[in-house]
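Naming follows writing order (A, B and C), and every chain is counted from residue 1.
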Amino acid sequence: MSASWLLGLGVTTLRLGVPYIMAALGGTVSERAGVINIALEGLLLLSALAAALGAPHGAAAAALAGLGAGLAAAAVFGLLTVLLRANQVVCGVAMFLLADGLSRFLLKVVYGSTSNSPRLGQLEGHWAPLFVTGALLAGLLLHGLLGATTFGLRLRAVGEHPAAARSLGVPVHRVRLLAVLLSGLLTSVGGIWLVFDQRQFVALMSGGRGFIALAAMIFGGWRPLGAVGAALLFALAEALAVRLQAQGLPLPNYAVQMLPCGLTLVALGLRGAMGTRGSRPPAALGQPLD
Amino acid sequence: MRTTLVLRALPPLWAALCALAAASALTLLHGESPRELYRLLWAGTWGSAYGIGQVLFKATPLLFCGLGVAMALRAGLFNIGAEGQITVGAFAAALSGAALPAATPAWLALPTVLLCAFGAGAALGAVAGLFRWLAGAHEVIVTMMLNFVVRAAMVGLGGHVFLRESVHTAPVVAGAELPRLSRYLPALHGSAANASLLLGLLVCAGCALLLSRTRAGFVLRTLGSNEEAARAAGVHVGRTWTWALALAGGVAGLGGTNFVLGYKHYYEDGFSGGVGYMGIAVAVLGHNRPLGVLLAALLFGTLSQGGLAVHALVPRELIDVLTAVVLLTLAASQPAVQRLLQAQPGARREKEQDEKDKEGP
Amino acid sequence: MSAPPPLCEAVDLSVRYGSLWANRGVSLAVRPGEVVALVGENGAGKSTLLHALYGLVPLDGGQVRYHGQPVVPSPQRAIAAGLGLVHQHFMLVPPLTVAENVILGQEPRKHGLLDRRRAEEEVRALAVRHGLAIDPRRPVADLSVGEAQRVEILKVLYRGARLLILDEPTAVLTPAEAEGMLRVLRQLVSDPAGGRGLLLVTHKLDEVMAVADRVVVLRQGELVASLPAQACSPAEIARAMVGRELQPVRRHPRPAGPAEVALAVHELVVERDGVRRLDGVTLQVRAGEVLGIAGVEGNGQTELCAAVMGLLPVRSGSVQLASAAGLRDITHLPVRARREAGLAWVPEDRHRHGLVLDFSLADNLLLGHEGAFCTGWLPWLQVIDRRRLLRHGRQLLDEYDIQPPEVQAPARALSGGNQQKLVVARELSAQPRVILAAQPTRGVDVGAIQTIHAQLLGARDRGAAVLLVSAELDELQKLADRIAVLYRGRIRAVLDNPPSCPVQRARLGELMAGGMA
C-alpha cells in the first residue's frame, strides 16, 4: 500500500463524496429548521436531470439549470410542507417518486431511451477540484451561518421551539421556507456534480445517495461539519470498494452497488448500539406550525 | 355528517383534477392531444372486458402493497419498503415453487409457496422493525436502504439462479400455479387477471377484521394513534413495531404471487415496475383503511394499465409522474380539510376544550 | 386630567369558542404604576382574556385599546405598544443560551453578523439592573425553573415592555422563589421612571393580597368583581370566584389497626437525561390509605409515577406490590404485568398518556384492560367482546355521569372534565390494589372534581391504596391520610393528616421549599 495509492484513494473519496456532502448539508439546514427532508434523493435526481438537459448549451448553462431545478423543487416542497402543512414524510417520498418518474419520462421524450442520456461532451473538463473545494467550503459556510448570523440563530430557534420564536416576532414560516430553499440549492450542487462527473444522465443515478445522506446527517449530529465528516466516511467506503475492484479484486458490481446502503444499515445499527451521546434531532422536527 | 363526507371527498377529487392537469400538460409537452390520451386510456381499461381484466391484474399487487404500507401506517410506521418486500416475496415464491417435486398437489404446494412469499416479505419488514426498536433508526431510511440492498442483491443472486441466457428463474410446479380468472369468467379471456386477486381480497378482509375486531389490531391502532398512551397501557412498543412491520412486509410479499404464481410462473428481473412505491400512494389515498386501499388500488391499477394503453402516444412513465402528483396533492389538501372539519359545529368542542385546558391549573 | 391613559384596556370584550363564551362583556384597564391581579377558577377565561389582549385569539365583540387608542390587537402591535406577555408554559428554546433566548427576534448585529458579545453584555446589564441575576452564557436547558422564569421576564424587559402580562408566573416556583419573583415584579412597577404596569393571573390568593393594587375576578367568562386589594379579604375573593357553596367531600378517619402494605418503594433512584430525578425515595402505602405527595412541580413527582408504572428505567432500589402471597418485587416487570398485578395509573397529562382522542369512549375504556374483554385461544388473535365492552362502558358512563353518555362518541368530543372522569373510571373499574393518581383534577370543572374525589375516596374505603400526587394543597389536605413532601428527588418528611387535625399549610410550604423537617 503505497503513498500514491493512498493519495489516489483520498482523491476518489473526495470525488465520490461531493453528492453525499452536499445532500447531507441540505438535509442539515432543512432539519435544523424543523422540516424533515426525505426529498433529498428527489432533489439530487431533478437537479441532475436539469443539468443534463442544459448541458448542450455549455457547462455554465448545465450548472444554472441544475441549480434552478433544485431551487424550484425545493420551493414546491417548502410550499407544501411549510405553508400548507402537508405531511413532510409523505411529500418527501412523493418528491422522490416525482423525480424518478419525471426523469424517466423526459429521458424517453428527449433522448428516446428509458435508461440513460447519450454522452454529454460539452461537460468535458476538470471539474473535480472546483466541486470538491466548493463542497468542503459549503460545510464551513453553513457552520458559520448557523452559529454566527442572526438568520442562523432564528433558524435554530424555529427548529427547536417554533411557538417561542413566533411569540418573539420571528416569521417562522419565512425562516423555514428559506431553509428549505437553501437545502434545495445545496443539494442540487450534488446532483449537478453527478452529471458533470459521469458526463451523462442515467435513470435513478442518485442511487440512494439522498437517503444515505440523511443517515450521514444523523451521524453528524445535525451539525454541518459533522455531516461533512460522516458523508466523507460513506464516500471512503465506496471509494475503497471501487479502487479494490479496479485493481482486480473479485468484487462483483452488485456488491459494490450494495455497499453504501449496506454500510448505512450497519452504521445505523452501530449508532443504536453505542447510544446517541448527546446528538439529538431538533425538538420540533416534523411539526408544522399553524 | 353529510358535510363531513363531502369534505372528506374533496382531497381525492382535487388530486384527480391535478393529475388530469398534469397529464394534459405533459401530453401537450410531448406534442400530442390530451383528448386522444383520455380516449385511449378509457378504451384500454374499463372500455373492454379485456381491459377490465388487465386493470384487475395491475390492481392486484397494488392492493397487497397498499395494504402493506397501510397496516404499518396504522401502527404509526412509514413503510417505504414495500418495493423490496414484494421483490423478495416473489423471489421466494418462485424459488420454493420451483424446488417442489413436480407432482406436488395444489393443496400442499400453494400453502407452502404462499408461506414462503409471506415469510420472506415479513423477514424484511421485521428487520426494519428491529432497527427501529433496538437501534432507534428511522424506518424510512432503513426500509429505503433495504430496497436498494434488495435490488442489488437480486442482481447478484440472479446470476446464480436465473436460467441460462435469461433474466428469469425456472418455472414453479403446476400445483403452485394460481388459475387465471378467465377460466371462470370467459369474458376476461386474454387478460392476466388471476386468483391472486381473490387472495388479495381475502387478505384485505383479514386486515379489516384484524384492525377492528382483534386485540392485536387494537394494540396496533393504539400505538399508531398515541404512542405514549399505548406505552402507559402496557403495550410493548418495540415488539409491536416489529410484528407490525413484519405483518406489513408479509402482506406486501404476498403481492409477488400475482406475477409469479398467476401470470408468468417464474420470477423475472424488474417485474415489479415500482408497484411498491405506488403502494404508498394507494395507502395514502385509501386513508389506510382496507376498503379504501382496495378502491385506491383499483384506481391506480386503472392508471397503470392506462399507461400501457397510451404508450403509443406518450411514454408510460407518465403514470409514475401522475402517482407522485396525486400523492403530493393529497398530502397538501389533507391538513386544510382537517381544519375545515374541525371548524364545523360540534367538532369545535375539542378546540374549545383545548383552550380551556390551557387555563388550568 | 393629567393622568396618563391606561397602558392597555379591554372594553366590553367577548371571545367565543363554538357555542361557549370564554369571555363575555369583560372591561378592564391597567394603568402605569398599577398591579392588577386577575383571579378565577380553572376555565374561568383568564388565559383567554390575556391572549385576546395580546392578539393571539380573535375577538368576537368589544374593543381593545393600547394607550387609549383602539386597535385590532396582534402580537406585533402588542409588542410595539409595549406589552410583554409571559406565557403560562415556558416559551424558551432549551439548547440556546440565556442571551440568545432574550435577543431572539431583535438581535444586535455587527458587520451583518450576530454581535454575540454585545448581546451578552446587554443581557447581563439588564439582569443586574432589575435584580434578576443570571449568567447570559448558560444554555437554558441547564437552568432551574426559577431561573428560567427570570429569563422570561428579561425577554419582555429587553423589548422595552411597559405592561407586563404574566400568566401564573409562580405556579412552578417554590414559595421562596415565588416571593423573590413577586418582589422583583413589585419593584419594576413601583419605579416611577419606568411607568410600568403589571397584569398578573394567579389563583393563589395570598399572592394577590401581597402584591396587587386591584383584584379582578372572572367567573365563567364574565367579570364578576373588581375590587381594591386593600378593601377585600381572601374569603370574599374566593366566594366571588366560586359563586356557590360546595358540598365538601368527607373523608372518614382510617380504621384503627395496621393494614397490610400494598405498595413499597425502597431507595428508588431514577435518572433521566443524565440528571438524577429520584435520589433514594422510600415510601410505603397501606391498603385503605391515601398517601399524598406534596411538592413543587419538577421535584420528581412525574418520575416517581413513571418509575412505579415501569415507564422509566430504575437505576437502583426496588418497587414492591402486594399480591396474594405477600409483597412481590415488580421493579423489573413490564408495564402490562404491573397492571395485571393490580396497579392503576391516572396520569397527569390525560391527552398524552391517558387517552387516544380519536378512539371512541368504549375503545378508550379497553385501553390497558384488553385482557378483560378479549377471548380466544390464540393470544394475539383474541377477539374483542364488543357487546360486553359496550355494556361495561354504558355502566361506567352512568356511574361517573360522563356527558354525553354515548359510548361510541370519540373521546375528542368530550370536555376536559369528562375526559378526566373517563380516565379515572377506566383505571378504578378493574378493582386495582394500588392507584397512582397524578394531578387527578388538573384543569377540570368543579363538578368533575367532586366526582373524582368521591371515587378516589370510595376506592380507598374499599381497601385500595392510593398514591395521590397533587400540586393543590387543598386537595391533599382533603384526601390524604398522610402527606409526604418530595423535594429534589427525596422525601423530606411524611406528616399525618387526620381529618380532625389537618397538616398546616405553612408547614407544608416550608418543607416544599427545602426547609428542615
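To be clear about the criterion, a residue touches a chain if its C-beta (ideal position, glycine included) is under 8 Å from a C-beta of that chain, and two chains touch if they have at least 3 such contacts.
Everything numeric here is computed off the predicted structure, so don't read it as measured data.
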| item | value |
| --- | --- |
| Relative to subunit B, chain with the most remote C-alpha centre | C |
| Pair joined by the larger number of C-beta contacts - A-C, B-C | B-C |
| Whole-Å separation of chain centres (CA-atom averages), subunit A against subunit B | 28 |
| Whole-Å gap separating subunit B and subunit C, where each centre is the average of the chain's CA atoms | 45 |
| List of subunit C residues in touch with subunit B within their complex | 17-20, 22, 42-48, 57, 88, 171, 203, 309, 311, 334-339, 345, 347, 351-359, 363, 366-368, 370, 374, 376, 380-384, 386, 412-416, 419, 439, 442-444, 471-472 |
| Subunit B - residues contacting subunit C, complex | 213-216, 218-219, 221-222, 225-226, 228-236, 243, 345-353, 355-361 |
| Complex interface listing, subunit C residues touching subunit A | 75-76, 79, 85, 87, 91-96, 100-101, 104-107, 109, 112-114, 116, 155 |
| Interface residues, subunit B side, partner subunit A - complex | 26, 29-30, 78, 80, 131, 134-138, 140-142, 144-146, 148-149, 152-153, 155-156, 159, 274, 277, 280-281, 284, 315, 317-325, 327-328, 330-336, 339 |
| Subunit A - residues contacting subunit C, complex | 148-150, 152-154, 156-157, 160-161, 163-170, 283 |
